[in-house]
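First, the structure itself, so that you have it in front of you.
Labels for the chains are A, B and C, by order of writing; each one numbers its residues from 1.
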Amino acid sequence: MVFTQQLVNGLMLGSIYISVAVAFTLTIGILNFLNFTIPALYMLAGMVGWSVSYYGLPFGLSEPLGWAPSLLVGITCSVLASLLVERFTYRYFKIKHGDSTEHAIPLVSSLGFLLIFEYAILGAHGSETRGFHTPFTDLNWRFADLVISIPQVTSLILSLCIVVGLSFMLKKTRIGRALRATAESPDTATLMGVEVRKIVPIVFVLTGLLCGLAGSIFAVNYSEVSPYMGDHVGTKAIAAMVIGGLGSVWGAIAGGLIVGISETFSIHFFGASSAQITVWGLLLVLLIFRPNGLFGHNAIGKGKF
Amino acid sequence: MSGYLSGLIGILGINIIFAYSIYVTAATGQLNLGGAGFQAIGAYSCAVLSEMFGLSIPFLLLLSTIIGATVGFLVAFPILRTRGVYMVLATFAFAEIVAGVILNSDSLGGPTGLVLSDYIETDVIIWSTIGVVVFCFYLMSTRIGLAMRAVHDDEAVADLLGVNRRAVQVGAFAIGGALAGLSGGLYALYFGFVEAQYFNAFLSIFVLLYVLIGGTQTAWGALIGASFFTLVPELLRMGDDWRFFIFGVIIVVMMIWRPEGMVTRQAIDRITLKLFPVVRRHG
Amino acid sequence: MADPILQISSVSKNFGGVVVLEDVSFVVEAGARHALIGPNGAGKTTMFNVISGVYQQNAGDVLFAGQNINDIPSRKRIALGMARSFQNIRLMPHLSVTENVMLGQHSQAGILDLLKPIMAMPRAHDKERAVELLDNFGLEAFQGRSVSELPYGVRKKIEVVRALMANPRLLLLDEPAAGLNVAETATLHDFLVEVAERGVTLLLVEHDMPFVNKLCDTVTVMNFGRRIYDGPVSGLREDKNVLEAYLGADA
């Protein structure tokens, strides 16, 4: 029974990682860019959501809002922040240096933005963990000893739907094909009539949406947010992405669940801080011996710095 | 020297040495996002050796350096199997594992950390820093330095020109490990206390940023980068959070304005030409 | 008779299922100016990569000055006396002209040379040699310059000078005249004649036939990974296989 309960908890935790891992994998797969702002975008949705539900909109525009509109504002904020990152990291460098962009440059800029977002929130709200209350915090299903939280199941299903929808979009729609062509080779895509400059912001909007949703789901499920919430999820999502293989959406799903489950088991059997060793050890071994992950492509991310 | 000033110089020296440890690998074209892991190894080695064997200070620092170098050397082989983003992630993973191991072992104090009874004054740090800076400038001015920069620019061609790229890359990791170990040892002895939380992912990120923002083309980069980002926030006298916010803004602006770092070869050429206009340049 | 400087015997190379070189043999005599020509995709650059050790051939032998070098890694081949240039110039972008040229000397530096702070010493012996060689070829004006700001033709020459710093007996040049205008091609010709007169054997891949006619005395022609002609340049015009490869089957 303990085993099943841990498995369920792991799956729920993994569902959060999935969305963030997909955000990572999309930017790497399509733009060959390791976007370090992703954890901050995730955190922004939660913290901005909390702030709006506690203080109301800034400049006295409104009374404190309910949980749903607050989170909506939070998600919007993530998307806008993501577009800001696009404007000042990726777009700028692509235009200036073309394909030969040294990959380290956007990476370093994104680290800069990570600091900007994280410390802006820390400066504004301090480092405390804040409670985020929703009406259905304690809704659970119980089967014998097994406890399954309804919001968590809903969010697992929601994450899966988003990701499935996304991979459908990548496969079937025109934008999806353009995105995949850009991933293959930006130069060829341009020759084929894909407007790469218009495609790139789409990736960042998707990144913002995925992170914003994941942050909101976390806020609802765990009833708390903190300026540091992104750090934990970010590192785990990176691990999930690598396990699944860089650039593979389905790999990110598998990786997210694997990381979630191995984390809960590791915590259960070896204590709280052992998860770090398990997850990163697994990751390091994979990076070295199977760098393509479970589903990854060969060519992605090998570019020289 | 006032306490404040000597404290500032102490942390500045440690940061400079730490930055050079990352610089040496970055100059050969490898990004090490696991600096905190290497520094933690140096700091904990120093703390444990000091408590267990009561060694003298020079010995402690020497051993921290040697242990750092050994770890760097050994880690280089698996890490060098990876490339690009994968290497960034692999080094990052390495640092996380080091932190995880420290947090989980009671003999290393776990989350509570270790207290040292030995301590050093600021002058030890000053002399170590001068030594490291001189060493790195010397290294970059030798044929080995030239080979390192060649491997940074084009590994395949460097190989065909007879450069042993494997040796250069592994050597860079070993030297990097040594310098990170030394900076860790100095940190432990200077503050008299080590705890795993200090050696976190952000420390790795910061030190890599010092180097990349400073510039990897010349040995000046790490010196200027580390000094700038240690001193400027002090001068601004802001709260901790807003200090890092400004740090982030500076990074983004720098990447737009000078993506190759603050100090580039061309900048140095221009300065030399201004200072010594008559010297016929050969370099 | 002395050994030929380079002997390629029955070399084959395939990538996956694609055969790029099939049983190719030819010989370059010491002191020769030998060209390796053929239509695009004939396998010329692959042959260069096999000779310099970038690729390991699947079958056959490469002999340099009588010594079988199949098992000698690419890094150590330059020390034997073979240096090469590249189809798309590959100078180190962040190194100055002098530094690039000095890098060509790397294979000759002993362990103590490695430790000398040559860059900090304005009159270092190694640096003097680089400057001298640049002087010899009329490139002294570019010494301290950054490579990226120089014209294409100059960069091509600097790449050759870099290769010459290794004191090679055999110089492999991959399309040296490609992308050059008429005037630049003429200078390159004189430049290479000067190089050859120093006793360096030249082996070049080239598309510019007038350039080859003027510079080279022997030639190997390849098509679809096979050797179809090997002999003096003057014999090209009469060779049926060559005409067929270049002009089509009805020629």
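Please note the rule applied: a residue touches a chain if its C-beta (ideal position, glycine included) is under 8 Å from a C-beta of that chain, and two chains touch if they have at least 3 such contacts.
None of the values given here were measured: they were computed from a predicted structure.
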{"item": "Between B-C and A-B, the pair joined by more C-beta contacts", "value": "A-B"}
{"item": "Chain nearest the overall Cα centroid", "value": "B"}
{"item": "Centre-of-Cα separation between chain C and chain A, whole angstrom", "value": "50"}
{"item": "Separation of chain A from chain B, taking each centre as the mean of its C-alpha atoms, in whole Å", "value": "30"}
{"item": "CA centroid of chain B to CA centroid of chain C, Å", "value": "41"}
{"item": "Interface hub residues of chain C, defined as touching at least two other chains", "value": "none"}
{"item": "Residues of chain B defined as touching chain A within the complex", "value": "29-31, 78-79, 81-90, 92-94, 96-97, 99-101, 103-104, 111, 155, 201, 205, 208-209, 212-213, 239, 241-245, 247-252, 255-256, 259"}
{"item": "Complex contacts: residues of chain A adjacent to chain B", "value": "28, 32, 34, 36, 88-89, 92-93, 102-109, 111-120, 122-123, 231, 235, 238-239, 242, 246, 271, 273-274, 276-277, 280-281, 283-284, 287-288, 291, 301-305"}
{"item": "Chain B contact footprint on chain C (complex, rising order)", "value": "52-54, 74-79, 83-84, 86, 90, 92-96, 98-99, 102-104, 106-107, 109, 113-120, 122, 126-127, 131, 143-144, 146, 162, 166"}
{"item": "In the complex with chain C, residue positions of chain B that touch it", "value": "137-138, 140-147, 149-150, 152-154, 156-165, 217, 265-266, 269, 279, 281-283"}
